[in-house]
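Just passing along the structure, written as structure tokens.
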Amino acid sequence: MSISGLLGQLFAIVLALVLAPLLTGWVNQCRAWLQSRSAPPLLQPYYMLHKLFRKDVVLAHNASSVFRTAPFVIFGCMLLACAIIPSLSTDLPFAPAADTLALVGVFGLARIFISLAAMDIGTAFGSLGGRREMLIGFLAEPALLMVIFTLAMISQSTSVATIVETLAHREVVIYPSLAFAGIAFTFVSLAENARVPVDNPATHLELTMIHEAMILEYSGRHLALIEWAASLKLYAYSCLGLALFFPWGIAAGDSILGLAGAIPLLLMKLAIGGALLALIETVNAKMRIFRAPEFLGTAFMLAVLGLLVRLLLETRV
Amino acid sequence: MEPDIFILLLAIPLVSGALLTVLGEREWAPNLNIIASGGTFLASVLLTADIVAHGPRFALGEQFFIDSMNVFFVTLTAFVGMTTSIFSGPYMKNEREHGRLSAPRLRLYKSMFQMFMFTMLVALTTNNMGILWVAMEAATLTTVLLVSLYRTPASLEAAWKYFILCGVGIAQALFGTILLYFAAERVLGETGNALLWTHLVDVKSQLEPHIMALSFIFLLVGYGTKVGLAPLHNWLPDAHAEGPTPVSAVLSGLLLNVALYAILRCKVLADGAVSPDFAGNLMMGFGLLTLLMAAFFLGRQKDIKRMFAYSSIEHMGLITFAFGMGGAVANYAGFLHMTMHSLTKSAIFFAVGHATQKTGTQLIADIRGLIHINPLIGWSLMLGTLAILGMPPFGVFASEFMILTHAMKHYPWTTPILLTALGVAFAQIFGKVQPMVFGETHAKPLPHAPAITPVFLHLALVLMIGLYIPPYLTRWFHEAARMLG
Amino acid sequence: MPALLSIDYLLIAVCTWLAIGLAGLLAPRNMHFISKVLFPLGALVGLGVGITALCFLGDRAETAVLVIGLPTLPFHLRLDNLTAVFALLLGFASVGISVYAAGYFRSGEGTAPGALCLEYHIFLASMLMVLLADDAYAFMVAWESMALSSFLLVTTDHRHEAIRRAGYLYLLIAHIGAISILLAFGVMTSGSGDYTFAGMRTQELSPFWASVAYLLALVGFGAKAGLVPVHVWLPEAHPAAPSPVSAMMSGVMLKTAIYGLLRVSFDLVGTPLWWWGVVAMAVGLVTALFGVLYSTVQSDMKRLLAYSSIENIGLLAVGIGLALVFHSYKMEALAALAMTAVLYHCLAHAGFKSLLFLCTGSVLHATNERSLGKLGGLIHRMPWVAWLALLGVIASAGLPPLSGFVSEWLLLQAFLFSPGLPHSWLNMVVPVAAAVVALVAAMAGFAMVKFYGIIFLGQMREPNLTHAHDAGPWERAGLVWLAALTLLLGVLPSTVIGLIDAATQQMLGTGLADKVREHGWAMLAPISPDRASYQPLVFLATILAALWVGRWLVHRFYHGRVRRSDPWDCGYFFQGPRGQDTADGFSQPIRRIFEPMFRMERHFPTIRDEKPYYSVKVEDHFWYWLYLPAARLVERISGLVIRVQGGRIAVYLLYSFLTLILLLLVARP
Amino acid sequence: MSTIPLSAQLINLCASVILLLAFAMLAQRRVMQLINLFALQGLVLCLSTLVVAVTTKQHHLYWSAGLTLLLKALLLPWILHRLVRKLYVKWDIESLVNVPTTMLVGVVLVMIAFNVAQPISLLSQTISRGTLGIALAVVMLAFLMMITRTKAIPQVVGFLAMENGLFLAATSATYGMPMVVELGIALDVLVGVIILGVFFFQIRDQFDSLDIRNMERLKDN
């Protein structure tokens, strides 16, 4: 672990903190355009965070310490995830802290905390949201793991950095399994980030919401942290997807030059990804909650298929 | 040679039986009963010490023969007899106060109890196969009177069935004995010694195999009826359930053993004369059938004593099977199991006796919450049941372990049958006993405190043997097992 | 005086436990003496056992022969590394549980405290004897004593019919399992008559008989561990028992079954066949999936945990199966990975499941309520229990940085390397198994959120919950101990693996310790850091930093103001406790998605109902598929056999007569 | 054929008579007649024992013959008669089911008994050896009789007839058991009958009849 590596790591974290709300803003803007609405400013999420941080926290009478701790824990989890996922460079001192499996664990921990926090006030919507979140979670998690398995088998490693290096810095080999895995990953990402068609981030329509139902009772700085964490999650998933499926351009070392080259590439990729996400959200309608298992089941199947394809076709490659 | 101890052993029960008959039911009669039984036990211990020290010996000419095999049974019999007499003290007092038994009946009970002990001791120690038969028949007669002690229709019916079935059975045994004598006479000549077991053993290989085979069949069917081998067992549950509980205890704990002992004596001779498998296979077959049938009988029982009677049948089946397999290990295990069964089953009957007295019924469904009525009774029934079901660390498990492992080694095909039977028996008995011990109750305490010492004495012995078999006991068992060949 | 060996210390511990138990009989009604003197003493002994095992790990095996036992087969005892790992588990888990029990048991209905103390300590002693036993007889005696004492503990509150039934079912299945184990031992002696384990090791079994022995052992130990389909006792017995006993059974006793399975399959039976592993894996997967599904739909908190134990046992079986597969193909390094996962999970589960069961005990004491539908909001009344339970919940959900995650991580790593197996079918199937494991792990999270959220969070569902009180000092100490173990196991995986590796090496000839040690105590990289690595401390540090630094930053740059008001809830004003999800409601999605897996009886309200209610009863399919038919079969045979005893003496005589005639005609010398 | 000595012929004759009486008892409905037949059987048994005793000069056989006469021909029938009178069952008639079938079964039993005894009796050196088969047949017929009877007293008579068969076996195969054993057996039989006598009264008190079909209440199914 070198000083420059540490700096690179810090830079990656700061970049994540900065870029994440921007990504959210960008997606919202794209979506507004696609839906022929006038778009909010690109920096709207920052304004909102600032406003929320300034406001008083209004806590329900029976909110417990779990409720107050959860936003910080969730934020910390997402921060950790962003620190681990290589966005610019694979040389991250934090990377050995967690491989992809542990990364799934990190997301799981955040999910558990947000669900528990949702149940803490004891309102009808809170527990509804918590239950649905856990439902989506336990359906998405195995699919994500299967995606990771496919990649891990290709690269003989579960470490994100190693996977990215294997995929990015080797001679080009076509892996059909990656196509399956990629689609599955997209599905999972949509579900995990509370996006259409599984959830709608923009709604407070009581019977359809998942994520929003859980954070109904949050306000002030807590809500700010949660919103920020949600942005970070989207950012983390995006970076993970990019790193796993479009790893080109991620620096292998910690040279300033490599980083400098990686930043615009990352921005470009994120912009395209965000736009695509907005497109998906626009052309799809939100599903009934009980269609979500089918959706995620498909993702799971695709991931397993990818795995089998990998085993069948590519083991002799 | 010190014949006095042996004479004492037989004389104490005989004389005290006579005394109890003549003097009738007095205040001190229960104590006399206990003292007599204790004296018998003391005599048996002294006799055992003598045998251990000096080896087997004859008594009263050659008519009685005490070796390590039967001296052990003598001790066991005297011991269980003693504890039973202790147990029956308060039990019978309670019965009398309930108005279920009158003073003359109690006199009958005590004298017959002593006579029963006498006949059993004679059966165990006699060297003469004919006397053995006579003693067995006499034991039947005394117990018939004991079983019918209550003079209720049910007890009369039970006693009648007991008498007729065992009488007929024992008649078959007499035929077998005649055939045995017939075979022996051809070798030993027409002396009176031709029925002496010690002589017979010496010439067992010369005995005519055809006659001996036939003789063994009759003896097996005959004495087997008393052992309770299926399908000759029908009298047993009735007699156990309808007699007074102390009688059930000695029937289960002692009489069955003695009958089996008689079969074993005959088996030795049959083994010598006929091919060694003949008697063994018959006994294994009977044992397995008995075990299996008894296990399935257990499920439908509504009467607690009846259920434990079937449990006795089951264990007798297992023991018969063990002896049928033969060989040092199996015989050892058989003796061990007999001992364990005697001690455990009589302990259970003691506990059951108290329980039925407390609750005034023998119906399983009506006995509940013993542990609240009297924790000691509840625990003793629970532990006794677990012990008899072969749960370690109780001794029954030790013998079952040996039997099972031996069967697995030599007759692997029998293991599924054995295990099915043991498993079913476990499920049935335990399922019935557990709610009796636990659960809610409204019963009131009895005027006379129960004598619980015998129960725990027995269970403690059983527990001890499960963990540690003293060397002298092992030696006994080995000697006995060797005697069976 | 010769120096005492470790095994001697353990024997002394056994005796001390027994003595403590017997001491309880001296004053069977003196609660204070028993709970404040004897149980803490027992905990001390447990600590001694744990430390002895800890010190022993890595040493050469020690043996002893006692005078007790059968004359031909006295008790043989042996302390080796496998035993030591489980003794470690037993010792340390028992410390927490005994300390907790010191505060938990109160005199009341049911078994007298003295008897309880005796049963409890016999239970402990017999578990240690199970681990030490080195011959079939000693093993069986200890094994059944364990079953017996735990049965008596389960039925402590025996006035309830349901508890008696649970106890009956438990003992029955335990007994059948024991019979199966005994048979397995019998087969393994292969007719030599030598029932010592040393004798069994020397036997060369044919593949057929070895398989028979293995399958019998799987059934026998599976019955104790709770593998499907012999699991039915577990969800009955665990809720029935007092909580420390549930904790002990779930945390420790189930592990003795795992120990037995490991002992047989990796030590006694000889070279394994590859399909043994597949069988174990298949059974394990079914068990895990079944357990977790059922745990999500329970509405009794202890049943929920019991099913969760079934799930964990399933995962253990999967791990054992994987290790067997690798072992049979001589891929010992990977087998070691799977084995480490198994051993680690044993330790982890002992910690967190005991913790959770003890927490339910505190809740039970505070509220007299086991049904989730009547709890809620207890975090306000019992913060200690709630926060400690949170640790257990996170560990149980298999999330970093606590103990459950480490073993799951190791297990998944082991799965990832299965493509190296020289068997194409296995290659295909094993990843799918991994997928199921992933599903199970994720659903465990669901169950745990339900457990925690409904008990501790939200509004109190019943008015009397406001009188709930937090756990007392003894209980708290026990909980803290176990929570600390969970945390330590979570953040120090390398150190712990370094310790338990001796057992892996003993079984497989190779271990992970060398590789793990290369990377220091803070990082877990069983193969190489390039391939997989995990640093739980970083996790912990990050989360704590986010918590404290984040909080500080927000307060520094903005403010820390808090206002209290009614919850908003989208503006709905009716916000009574009934508005929250019930336990049944929470698991509704699961019931709906996995409907065929459950046997459900539901009642839906209709428009015309005067008193509308909704109810759902979820039952076990196996009960109807396996157990009831078996019971009916026995019943039917009984019905046939019983006809023999028809009451008519002439018929009885006829039996006797026919027997005689038959023998005369058939039996020939 | 004619080598069979006269004594043996006499013994065989007695044995045959005993067998015939066994059949007669099997078919006899009246209780008094049954007891008489039993007494007659005892008498013939005594005769046959005497013949053996005279022929073989076995002294103890005289004793056994005397014992038989005393016990089986006189004492036991007398006790039974007394019982029947005291119990007022003198005119009891049993409704035996299907006497011909019973007889047929009896014949089959005789065949079985002869077959079983045949190889053994060849080994015997006693002059009465041929009767071993008959003895076995008598035992079995008595057994059959006990099965078919529904009243208590005839059942006991069957039981005693079985003892007769056993005694015949003892004399025919071995010239009798040792004296001490015989005395023991006799004592047992006597005590047994006395106990049974007491029983009869109790049974009648409790059940109002000596019909053992009343005693079918202890059962499991």
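Letters A, B, C and D mark the chains as written, and numbering starts fresh at 1 in each.
Simple rule for what comes next: a contact is a pair of C-beta atoms (placed from the backbone, for glycine too) under 8 Å apart; a residue touches a chain by one contact, two chains touch by 3 or more.
Here the structure is a predicted model, which is why all the values come from computation and not from measurement.
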Partner chains that chain A and chain D have in common: C
C-D against B-D, pair bridged by the larger set of C-beta contacts: B-D
Chain C and chain D: spacing of chain centres that average the CA atoms, whole Å: 70
Mean-CA-position distance for chain D and chain B (Å): 31
Between chain A and chain B, centroid-to-centroid distance (C-alpha), Å: 78
Whole-Å gap separating chain A and chain C, where each centre is the average of the chain's CA atoms: 35
For chain B, residues contacting two or more additional chains: 160-161, 164, 168, 210, 214, 237, 297, 300
Interface hub residues of chain C, defined as touching at least two other chains: 639, 642, 645, 649, 653, 660, 664
Residues of chain A touching at least two other chains: none
Footprint of chain C on chain D - complex, ascending: 109, 112, 116, 140, 143-144, 146-150, 212-213, 215-221
Residues on chain C engaged by chain A in the complex (per definition of touch): 376-377, 379-380, 383, 386-387, 390, 393-394, 397-400, 405, 409, 412-413, 415-416, 419, 427-428, 431-432, 434-435, 438-439, 441-443, 445-446, 448-450, 452-454, 456-459, 523, 525, 529-535, 538-539, 542-547, 550-551, 554, 557-559, 561-570, 572, 575, 577, 579-581, 585-586, 588-590, 592-593
Footprint of chain D on chain B - complex, ascending: 63, 128, 130-131, 133-134, 137-138, 141, 144-145, 148, 151-154, 156-161, 163-164, 167-168, 171, 174-175, 177-179, 181-182, 185-186, 190, 192, 194-195, 208, 210-211, 214, 237-238, 241-242, 297, 300-301, 306
Touching residues on chain A, where the partner in the complex is chain C: 53-54, 56-62, 64-66, 69, 72-73, 75-77, 79-80, 83, 94, 96-99, 101-102, 105-106, 108-109, 111-112, 115-116, 119-128, 130-132, 134-135, 137-142, 145-146, 149, 152-153, 156-159, 162, 204, 206, 216-217, 220-221, 225, 289-290, 293, 300, 303-304, 307-308, 311-312, 315
Chain C residues within the chain D interface of the complex: 639, 642-643, 645-650, 653-654, 657, 660-661, 664-665
